[in-house]
Amino acid sequence: MTAPLAFPPVTLTVAGLSCRRGTRLLFSGLDFALEPGTLTTLTGPNGAGKSTMMRIVAGLTPLEDGTVTLSGAGEDREPQSMMHYHGHREALREALTARENLAFATILLGGSAEAVLPALDRLGARRLADLPVRVLSAGQRRRVALARLIAAPRPVWLLDEPLAALDVAGQTLVADLIGAHVRAGGSALVATHQPLGLTGRTLTLGGQS
Amino acid sequence: MIAALRAVLSRELTLASRIGAGVELGIVFFLILISVTPFALGPDQKLLSRLAPALLWLSALLATLLGLDRLLQADEEDGVIDELMMSEAPLELVLAVKALAHWLVTGLPLAVLAPLLGLMLAISPEAMLPLCLSLAIGTPALTFIGLVGAALTVTLRRGGLLLSILVLPLTVPTLIFGIAVVREASVGQPIATPLTLLSAITLIILVLSPFAAAAALRMTRS
Amino acid sequence: MNDFAPPPVQDAKASFWASLWALANPGRFMSFSARLLPWLWGATLITMAYGLYKGLFVAPADYQQGDSMRIMYIHVPAAWMGMFVYATMTASALGTLVWRHPLADVSQKAAAPIGACFTVICLVTGSFWGKPTWGTWWEWDARMTSVLVLLLIYLGIIALWRAIDEPLRAARAVAIMTLVGAVNLPIIKFSVDWWNTMHQPASVFRKGGPTIHPAMLEPLLVMAVAFSLLFAAIHMVRMQAEIIDRRAERLAMRAAAGEG
């Protein structure tokens, strides 16, 4: 097992967050914090706004109401540079190989090129490295996409359905990775329908109008 | 940050060479437009020669427009725009590098090939180098204006036509001065004034458009 | 509609801004505009009647073009309005993006078609002006060409409004496009003027001739004021319509969700 990486103790605090879809209010007055070393599982029915909320926190969808602040990172760090966002779309280009996709993501997200192959290894996708992504199955693509979490270390993980399309072994692997990340001092917010088998808080969205 | 930008540039070029649809199609389209115009205008050499600067520039404009939805659309569908926004490098610079890569693959070949196509339109020899130069300076402006349009229409399914409608009026200054360079050269007049104005406009667009495009991506996606 | 807390008023001079924020509540805007509109329409009618009377009947005819020149009293103010409405849209765009004023996007959306109409009026009247004078229905002079490009930008903005479903996202996209256009318009105007001097030494559509007769200036300015009042009235009506539309949409959504 590789030694766990140490992360700066950053806390992501969300206060008074609200979100509309069209004219429908999805949720309002949402308050929570992701402290170092914690796992928060996000649950709720479909359409409750889990994905939208994670995108707002990641800064990918404009923030209408409320605040998202990152503390403990130092003055000159952009909040977005301390977060990983993993969503439904895997951000892989089919024409490129797994290694090329991951290398691009790694360097883009501030990691180093040497971390690429070990990360693929960690996700059990080493042998897929030089295959074009278009020949990979959904589960294999998910593994390649998640590898950037390992290759480019960042303290806060925002994961939207990371277990989707993975087989049981893959799901266990990803749960292990999340657990290791949290033990190393990182924080994670994971939206998932399947149980992770890890200890942590649960945040439930949904049913509000 | 430089490493991230270099990674963006090399990825764009790799994708362009591997998928390839953009480069050749743009050039072929350019060729087709030039080949078809004499059918519309008649083979009169004198007329074609007089119209050559405009025809070449208009064809370059249309060829550029057609390639623009390749700029951001595919990345948005795959979720790569999200990734670019989370990167170490500022989104404005990332977009500028993407547009630059796009231009290297679409606009620059047009600028290089234009004199050859100009021969088919009996362009005067003094105008050939200025033609190349004006297109080399003007096509980046077209691409960068297109970047803003692409960013505004990135969430739309069939945004191509709307993209063209938004972009075309803004290309008028580049078109005016670009064609003026070639026309002045064909009649032996000095080209310093239109060339300077063309360059100034391109510079302004190159500087401002990444900011507008980044703002568009940040504020208008869901 | 949720309450909107205006930023604290710093001093008395900021009262203009304070009143702008006071109108941020759509309900308050509706009642304010309902009271103001009759006066606006009245003022519009009076100034329009006065300006048309002065321009079409009283002011002297041009010694070269005769009475056909009188169409200038609509053509020139329409051109000015095309630009004035765009300036309004630009201010509204800043209101949407920078100050997050709740009615800014409504103002933007309401203004765009009006501005487009003014440019069309300018182009059509310019065409009617040109026919008896030059014998052609269209002349590529500097003003007509600039106004044409302005119309194209308006049309693009209107198309963008209709392309994006969600009102707030559409408003932001249009706001950015409006600002991009605003920065480009001076450049476009400059380049079209330059292009025109390269191709045509003189333009016939200067305001009625090389010098403006004072008797011609007054109707022009009156018509400009009349058109501005007309724009203000129509703009307000369209904003009201848009607010009502959104209310209806919200009610329909609530009905669908079963809240009645």
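Order of writing sets the labels: A, B and C. Residues in every chain begin at 1.
Everything that follows uses one rule, which is that a contact is a pair of C-beta atoms (placed from the backbone, for glycine too) under 8 Å apart; a residue touches a chain by one contact, two chains touch by 3 or more.
Values in this document were obtained by computation on a predicted structure and should not be read as measured data.
The minimal number of chain-to-chain contact steps leading from chain A to chain B is 1. With every chain reduced to the mean of its CA atoms, the largest distance from chain A is reached by C. Of all chains displayed, B has the C-alpha centre closest to the centre of the whole protein C-alpha set. A straight line joining the Cα centres of chain A and chain B is 37 Å long. Mean C-alpha positions place chain A and chain C at a centre distance of 47 Å. Between chain B and chain C, the centres computed from C-alpha atoms are 32 Å apart.
Across the assembly, chain B contributes residues 219, 221-222 that each touch 2 or more other chains.
Multi-chain contact residues, meaning those touching two or more other chains, occur in chain A at positions 62. Across the assembly, chain C contributes residues 166, 172 that each touch 2 or more other chains.
Those residues of chain A lying in contact with chain B across their complex are 52, 58-62, 80-81, 83-85, 87-93, 95-96, 100, 103-105, 107-110. For chain C in complex with chain B, the touching residues are 97, 149, 152-153, 155-156, 159-160, 163-164, 166, 169, 172-173, 176-177, 179-181, 183-184, 187-188, 190-192, 194-195, 198.
Interface of chain B with chain C (complex): residues 148, 152-153, 155-156, 159, 162, 165-166, 168-170, 172-173, 176-177, 180, 197, 201, 204, 208, 212, 215-216, 219-222. Within the complex formed with chain A, the chain B residues making contact are 3-4, 7-8, 11, 14-15, 18-19, 74, 77-80, 82-89, 218-219, 221-222.
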